[in-house]
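Have a look at the structure below, then the notes.
First chain written, first letter: the chains are A, B, C and D, and each begins at residue 1.
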């Protein structure tokens, strides 16, 4: 499992499965099988070898602890994985063993496996974002003329539409969703380059093999990115922006949930949720806590990601290896953000009565201008159908 | 002047001018004049008022030190600027004074002024990137069959084409350039929202005023982004990616410039450049130092930028104010990166002889596969015309 | 297990055990048992209850997955742990159940458990640092008059003593070791405060209970630090400085290991270490890779740690929860640094012959001044005995 | 001036002067004069030369813009400064010119100048911290039995002593103050090493010269730290902890200043402070904004500082140069934090009436346990005399 026990309690279950040790090993094996299949299709290796490799990938037993221990001696999990797989394969198909991992290198396996683990997370992010935008846009529409106090610098400013605040959240998430989809199209790519990124052992078929393999794995096809990683980093930056918006919304919701304010809540109080080990009466905004913890961690993780990319020559020493540890953490933060979005999408409570009371206490009353909320809602039309 | 004296010695002169105190004040005044002009065009204020405001903006004398001192008491430079401008305006056109800054708020002025200062920097980045890609792509083409040692994990790997390394640099910069242009289209936007982002004092003409004003200032038109800043952050993330690529190239060049390697240099030795205060014989790779210093600073600055965006309600307390300090630093790093790119674009030295020697010493010789470099060069065709 | 599979291959086995799920659960249970024992000793609860609690802590079976799932609903692992433990205890000693976790709160359990997991890591760091300083100081002493090329800005500077470089490494690590020990004395403290940090349910015995409990757990005794965490952060900052020095040394070693330089190596080539999945002839500096990956990750993790501390009121929302995810990552980086230090402590190779050759090629020869190395070696006397 | 115009409006005036261009040039000149004086005292150069150098340092006119422009060509401000000073000196004392900067190098000048600029800032920090701790401790003492609502996870928890909250702030600042003083003793050191850190041109008098010079400049004496910078980084980490505590206090004050809460304010409303350019009725917590902006920036700046320290060989390429830009920003953040502390030290408003009302609304009443506040106040005795 990716992450410490305490971190897991902040994380999203499905994301933890996506980056679990088993899933990562599976992804590495999928790389090898897909490589062989693509090489067979391009006649770089015999079809029979590709089949044997596929079978071996499906049947090999990998001991996690041994893999990690040997991986440590080589600063690469791929070295022992390929070795173990080759031994397994050699037992049934000694000939096929020489076609295994042909022309590929460790970073090809590890980068691609990471991308494969991230893929379902991004798909889930897209679905959650869509659903959340729909849900919040509906709240916004419903409350487009509900007056609430606008607040700036944590002080009362002027009355505004509650729907405007909600519509801004929805619009921000909708824009994040678009940015993420664009980033995925460019940045969730197969890494296949071989030792120095030239695919030179593939008899001139390198690009064709890469293209087939990318298609089979559901990843973008692009020249190797082992030493220039900006498309990948850009994708992760965009994922971080999703979590940043979630964190900002969580901060707003948490502030509005303060007992003295009481204008919104992430969800109605529920038995067994948000409890305290010391004060049974409490209902803590746990989804907000999760989103805020993620948003607080992410800037530093992005800093690490960017720092890791400043690598040497054709493959860095330490940089991309660090990334292998950083990316699952970034994904975990995105998962926490999605958990929060699921919660508020399903059960956000908007208390128009408390809004009115708070406004009245500040001597504010009267009609609310809805032009601004209507402009944003117009942009959210696809989500309001 | 943005930045300490020592930081200035690492920075790009034109970028320092772009964010100089005078330039920032000018940009704030441009905001006020453009706002009035747009409001007059939409009949929100009289045409004569707009003209008087324009004249006042062009003629007002602003005392920087006084502005900063008063700004500090309000956590906003815009408060004293508008006050000073209003006094100046009131002397010649007392009536027009009530049309000044109508419906706007401090953050509108400050965010827009920051965007206006950034604008010429991004334009310069685009030009420098284009020229550098052209120059490096030409080197790549020239050296497509020049053998050099490929290096991974700082150890010798296999022989490769020197042109491939160069082509990868060029392709990375070309991709960065595209990403930056896309980010600018979405993220370099006018900020105009008024106190809570509703433009409610503009008699229903808010969006029309905003549209005209954006056009006049050469910025994108978008609903206010005072509390949801991801398009802006995304733009700055992309700017950082440019500097990251520059830093990676600088690291490669610096490693290849080591006396023991000697395969490339950022420029031929020049009198008065790269000197040491202690060792007159030295020729330090000063452009590399500049790019690496920028690349080392940027991840932390991005972390700060992302952290600052986690704001409260309709306008944050501390967050966006922090940004006003962070963005000029990010721009300065981009400027340093461009200085480096200018240098290597103009005068990169590729020493094929040393490459051959180093290969020979490792017992490597023979033909180089050019498929990989040719694939990348094909993608760079627009730059090789 | 703390960290993703790929991260584990960069990590130190003993540190991963220290923060493994089982270890963290054990530490939480130790908290509860030690609390009860201290409260019994101060007559806050009956002695029999403390014994029953101790027995329950030793015998309770905790289902990790269920704990995480329920923890997620409360943004706290401690809530379900205490609940499960209470149920277990109630079966054998219904009376004792009301003495369990008396006056404590979730953060008490979680912060203390984290400190308990970190404790053996810091002890190991101290031992590894001592051994490494000894080993490197011996190399330094041996090579105090060995000439090597000093290098600045990645260019040749002047001849210097190889021992000076080594002595600087040793002195830096020795200073880091001292700083770490001081930081541990202040910052590795028991957290015990109860809901709002007042220990008010402990019949005026709060401080006495805390004192006994800290002693029993081997942690420092200090007033609760739930909302002001600087002593703790300072400790982790110091741990990061160890990894930073290790990273700097690793960078030097890796640069000196370049084939063209060849003046040092992290270890003699060994079968099965540092291999490549593509190039069997390679011997990658894997310990350097491990140290550099850690050093690259740490600045961002520190940024996250500091950001997380900016919490609200008597206990933050999201901040300290984020820390629970960040601290194991910081520890993991420290572990990677120690692995590297173990390696170079045991088997650093210094090649005086290549140093002489490289100097000769730069036309440098002649005697080396040893004053600087001797000054540093004098400071390292305790390690050279 | 260090920092952009907008950043200056967040900064502390005295700190901006401390790092102003003039101050930095002055500090560089002080380095040269003190070096010559110490060398004369140790008979490394003639006394007359030292006097001539002192005179030249006091009389030379330095053109900032020219210095920066030439500094950029050498990635070092010290190269042109020494050159200009040497020309000036040569006019009156041609003989003395060869004694100038003897045995020193650029980084010696720049690191020491940075330390000299930081020195008055740290002294000011110490004084401000002392005064603030005194002021807040007095508030804490006054309110040791004032009931207020304790809040955790932004939700009401239990009643507590208002004095406890205040005492925790004071204790945190007092601990920060101690840590800072310790860090300064070790980390605010003269940097003097010459090209490769050996002081080899000083006729064996290097350490003695260094010792005298450190004493004269009021800095600690330590072997050069050009490539191992942890004592310096540790000092800056500790400075950041001050700003972190200030930020945490500012967050608390800002939350308590919310109109719906109203329990504390950073200061009574004052004319001309905290105004809005759009809403004249507002009184924004501007000191809180300043502290929070600083606290939000600092984690990223620390990340940059740590990343910059991962340098190559005897002097890094890009790393320490980046530091020259980072340190003034860190200092600026510390200055903002001190401004906030000055404000709350002088004029924090504690509204016991609103505290009572808010408690009553939550149905809480009754006596407050003062044991916890009394324990902390006892530790603050030196500040309560």
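Some observations on this one:
Here is the rule we use: a residue touches a chain if its C-beta (ideal position, glycine included) is under 8 Å from a C-beta of that chain, and two chains touch if they have at least 3 such contacts.
Just so it is clear, the structure is predicted and the values come from calculations on it, not from any experiment.
Ranked by separation of Cα centres from chain A, the top chain is D. More inter-chain C-beta contacts link the pair A-C than the other of A-C and C-D. Our note on geometry: chain B versus chain C, Cα centroid distance of 38 Å, whole angstroms. Annotation: 28 Å between the Cα-based centres of chain C and chain D. For chain D, residues that reach two or more other chains under the stated contact definition are 75, 152-154, 157-158, 195, 254-255, 276, 279, 284-285, 288-289, 292, 295-296, 298-300, 302-305, 307, 317. Looking at the complex, you find that chain A touches chain D at residues 152-158, 254-255, 257-261, 276, 279, 282-285, 288-289, 299-300, 303, 307, 358, 361-362.
Chain contact summary for the complex, chain D toward chain B: residues 1-11, 13, 19, 21, 24-25, 64, 67-79, 82, 101, 103-106, 109-110, 114, 194-195, 250, 254, 272-279, 284-286, 288-305, 307-308, 317-319, 321-322, 324-326, 328-329, 332, 339. Chain contact summary for the complex, chain D toward chain C: residues 75, 150-154, 157-158, 160-161, 164-165, 168-169, 171-172, 175-176, 179, 195-200, 204, 206-207, 223, 227-228, 230-231, 233-234, 237-238, 240-241, 244-245, 247-248, 251-252, 255, 292, 295-296, 298-300, 302-307, 309-317, 369, 371-372, 375-376, 379.
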